[in-house]
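Consider the two complexes below, in which chain A is the common component and chain B and chain C are the respective partners.
== the complex of A and B ==
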């Protein structure tokens, strides 16, 4: 089976989550999923756009959907995919709202083109576990992540609201759990797997992040995890880059690596630094990985 | 600011209903939205009380609340509402209305969103470093995340250059036509 998707990387993939974009592309390549980047894609507007105006949000998304329409006329595409849950929610919400003819007409007027917007829209995670099937990962795994204890952290909107996202269980998703288990990691039960990290309040209200992301870090440590695994650039940034801020605010001493699942897939597949980009993580996972390698008697 | 118990603004209720496409009468105050809301601790009104203020036509109280700006759009309320009310969409709509009325109880949040969208209009994509500079300029919050800058720069996580899209005119056109529509 060969799968081909229009790929929407999202802005953070060019900066704060470069390692997510790079490792996602590497994961898809090794699984035989073809990614065709949406040419000249623009920002979906993220939370600021939908918090300011729903028409503006839909129009920013609409331009990208329109370009994907053009791509689909030229070649067979199985849909549109993105690694970022915020981009995903905006893409899917807009597609959903375009079903209203009056809203559709308004959006076309502002975008300045006609829109079909009929391609299925999914996260990369959903494509890997649903379209490809989790067993496909087994072939990829050369160095199972034996002994690595992780908690899966989905964040809020990968699965919510369920009416729009149509993926996994909105209260207790298992896609990431199953994927990480397939990679050989020990996946611990994590009751906070869909609790909010504080999202985009990181810059403006640090007290909210310290409380919510702090709670996620506390719970991961209490669960006995070596690391947290995310699928969201904003969750990752709040938990990893802001971990020192959170420690200061909460008088805690966390030193918890926060991986993207695609980085761990690359690690298990024996891929090198150029695609896993472990150096980009602010809390270094090196001591942890070295300890694991030492424990299993393999070279670090 | 009038907050008389006698104020009842039925136009406000109708407007929230129209813009959010939700039936406010369906909320029977079970409190599920509030029970799940992660940001309640920072709110002045918990989300079920915001819903009640809207039902009661208390426009001024609802739009001047801090809660509507602090909602993280996590969609827990929408997911758990037993009557399928899209509560997060109503919070969005209240923010839209508050902005239009020039009532901004959390100035930093509003300034951050504005700086973000200005970056999108200018480059077609968010330029994170430029966004932060613009935000600092708007708020005077000079030391926001200064502690993170060395780490982010060392890791190459804050690009020094913007990644402008090629057809910037298309983005500018979208923003221009959007503003015309809204007038």
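== the complex of A and C ==
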């Protein structure tokens, strides 16, 4: 089965989460999923726009959806995908709101073009798990992540709100759990898998991040995890980049690598840590990976 | 024909938006109307007296009342006509309340529409016949479906009243939900101690035939003459031979069978007697767990049984019973708590339901009355109770209040303190609903004397933490978030309709609401009747009820049956279909569309013809619509009458 998608990397994919974007593209390539980047895409408005004005948010997204419409006229597309849950939420919410003809008319007026916005919109994770099927990963795995104990962290918006996201169980999602298990990792039950990390409050209220992300780190440690695995650039940044700030604020001593699932997929596929851009992580996973390699008796 | 028209004000219900005087005036211009008036309350005593007087004074042959729905008062006014010496079917009702005044505010349009409805009724009445009710015999036996406390009460009352009763229960023992409870509120008396004797009475009563492990398969017939087929499911034990000695259960090697009676919180054997006070006290085999039935090996029970009662080849058996009335008392089921993913029900071993907790509290439960956590058997210290799990929550399709959860939670906090004085109970609630006798006092006692800490707010999530549970919620009185660490979480699950309630309702031909609870005849004035004559309701099959209400309704249903059976014959409704044999071509369309099986094809002088079983016909009229020949006609609703109405409105 060959799948072809309009790819929306999102702003963080080109900046703070370059490693997510790169490893996602690599993962899709090795799984035979064709990604066609939406040309001249613009920011979806991220977290602030929808908080200020629904129309503004919808118009920012609307332009991108319009370009994807044009792409779909030229070639066969299975839908639009993005690795970032926040972008995904904006894309899907806009599509949902455009079902209202009055709102649809307004957005078209502002964007200055007609919009169909009918392509299915999914996260890369959802495509891998649902459209491709998790068994497809098995063929990819060359070096199973034996002995690596991880907790999957979905964040609060990957599966919510359920009536819009329409993916997995909103309270106890299992997509990431199953995927990581397929890669050979030991996936521990993680009660905080859908809790909020504090999201973009990191820029204005570090105390909130220290509390919420701190709790996620504490729970991961208590569960006995070696690492946290995320699917969200914002979650990853709060848990990884701010980990030392959180440690200071909470008087904790976490040293917990926070991977993107696509990076671990790359490792399991034998792409090596350079191509999966592990050096972009703030909390270095090297000691952990070295210890694992030693444990399994393979060279680092 | 002399027709009188009475236009009711219904206070301001109708007169507020309909010019009733103008309607009456207009009615005087309709054919054969010799008298018309508006009246304040047609259904009141003076209102009815006015109708009787007018019938006599103007020598009326028929009456039209324009007022509310015929469901409410048609029978009332027909009696009025009878009092005045008229045939009670020379009456028509125009519904100008539900169909006019309650749905529109435009007085002019309303008045016009009311006038048209009255005109239609007059034209229909002009073609009415003097119908006469027939009589038929009734079978004075009653079937009670459901052996919970409501069904038991109804069965005992009927049996004490001299009726022969057949009690059908789908579980192996009667007793229902009440038999699983440890104590009852607000008296904190032992549940099985007050129910047990009643269960024994059922077993010993000479007028009661008890079918447990049985379900109603099909229902045919009508009030006074029902044929009910009951499926007696295979117990794999000959209950005539079984003495309930329990020898088989002690020797059965399949000891890990999930225990239904203990809400799956303990295990039992594949052959078992559900609980010590079970009625009947007979063993039955769980076919899914039995090694002999699944793998063909074992058979230990058959070897040890002193009366050789084990029958591995037993099959379901169908029994047909003739009864004159049916009481449905099928109770409720508990809400499936796994639907709340955020509470982790089903995933976290120490998040349990209130009924599971009840079994932990019970001396006959799996822990012999010691409160132990299912995960490790430790005694919990901090216990959080969460109310309204599956009640008053539109998002999971349960917008109604289950009614008894506030009370049983209060009871469980009191029992918890009695069992473990150093424990602490926390109760998350939305608001306390304790309207019964001594109920509010009881919940106060839980808070004030037993120190249960009540927190007003919903719980958002439960997360395991260090072998305990972190319960995250809101205290909406303090306006802040709260987190409580608990050893055990008890979800006060709400009630939902019993599984299969909808299917049973369709077999019984009674209505049910969107949630599967059976509908009473009238929410206020017919609380135990259904819209199907001869079928009555008792207990939680109608909606969640506590024990006193269930018992009271069981009594009431029995009283209704006794009143029904106080006559030897019942009057049949003459508003039924009839076949004009010369027109009937015997195509059988009417037979195939009749939802009540009231039409049979007969041989008439060598030709096939349709024939209506008048006592079964419900007068729905489907057959008359289906008949290509117009050969089958519904009395009181003939084609001529319907066409007259249509012509009146359209021409």
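Some observations on this one:
In this section, the second predicted complex is superposed on the first by the 298 of 300 C-alpha atoms of A that agree within 3 Å, B and C clash if a C-alpha of one lies under 4 Å from a C-alpha of the other, contacts with A are read in each partner's own complex, and residues count from 1 in each chain.
In this text, a contact is a pair of C-beta atoms (placed from the backbone, for glycine too) under 8 Å apart; a residue touches a chain by one contact, two chains touch by 3 or more.
Since this is a predicted model, take the numbers as computed values, not measurements.
Contacts of A:169 after superposition on the shared chain: chain C is touched, whereas chain B is not.
Taking chain A as the reference, the larger set of touched residues comes from B, when chain B and chain C are compared.
Contacts of A:242 after superposition on the shared chain: chain B is touched, whereas chain C is not. Of the two partner chains, chain C is the only one touched by A:191; chain B is not. Look at A:140: by the touch rule set out above, it reaches neither chain B nor chain C.
When the shared chain is aligned, chain B comes close enough to touch A:199, but chain C does not. Of the two partner chains, chain C is the only one that A:219 touches; chain B does not reach it. Comparing the two interfaces of chain A, the one with chain B and the one with chain C have residues 170-171, 195 in common.
The residues of chain B lying in touch with chain A in their complex are 19, 38-39, 41-42, 70, 72-76, 78-79, 84, 86, 88, 92-93, 95-96, 99, 106, 108-109, 111-114, 116-117, 120, 124-126, 128, 132, 135, 144-145, 147-148, 151-152, 155-159, 163, 165-167, 170-171, 173-175, 177-178, 181-182. Residue ranges of chain A in contact with chain B, taken from their complex: 11-12, 14-16, 18, 40-43, 45-56, 59-60, 63, 89, 106, 109-112, 156-157, 160-163, 170-171, 195-196, 198-201, 203-205, 207-208, 211-212, 241-242, 244-245, 279-280, 282.
Taken in their complex, chain C has these residues touching chain A: 340-342, 344, 347, 461, 463-466. The part of chain A that touches chain C in the complex is made up of residues 169-172, 189, 191-192, 195, 219, 222.
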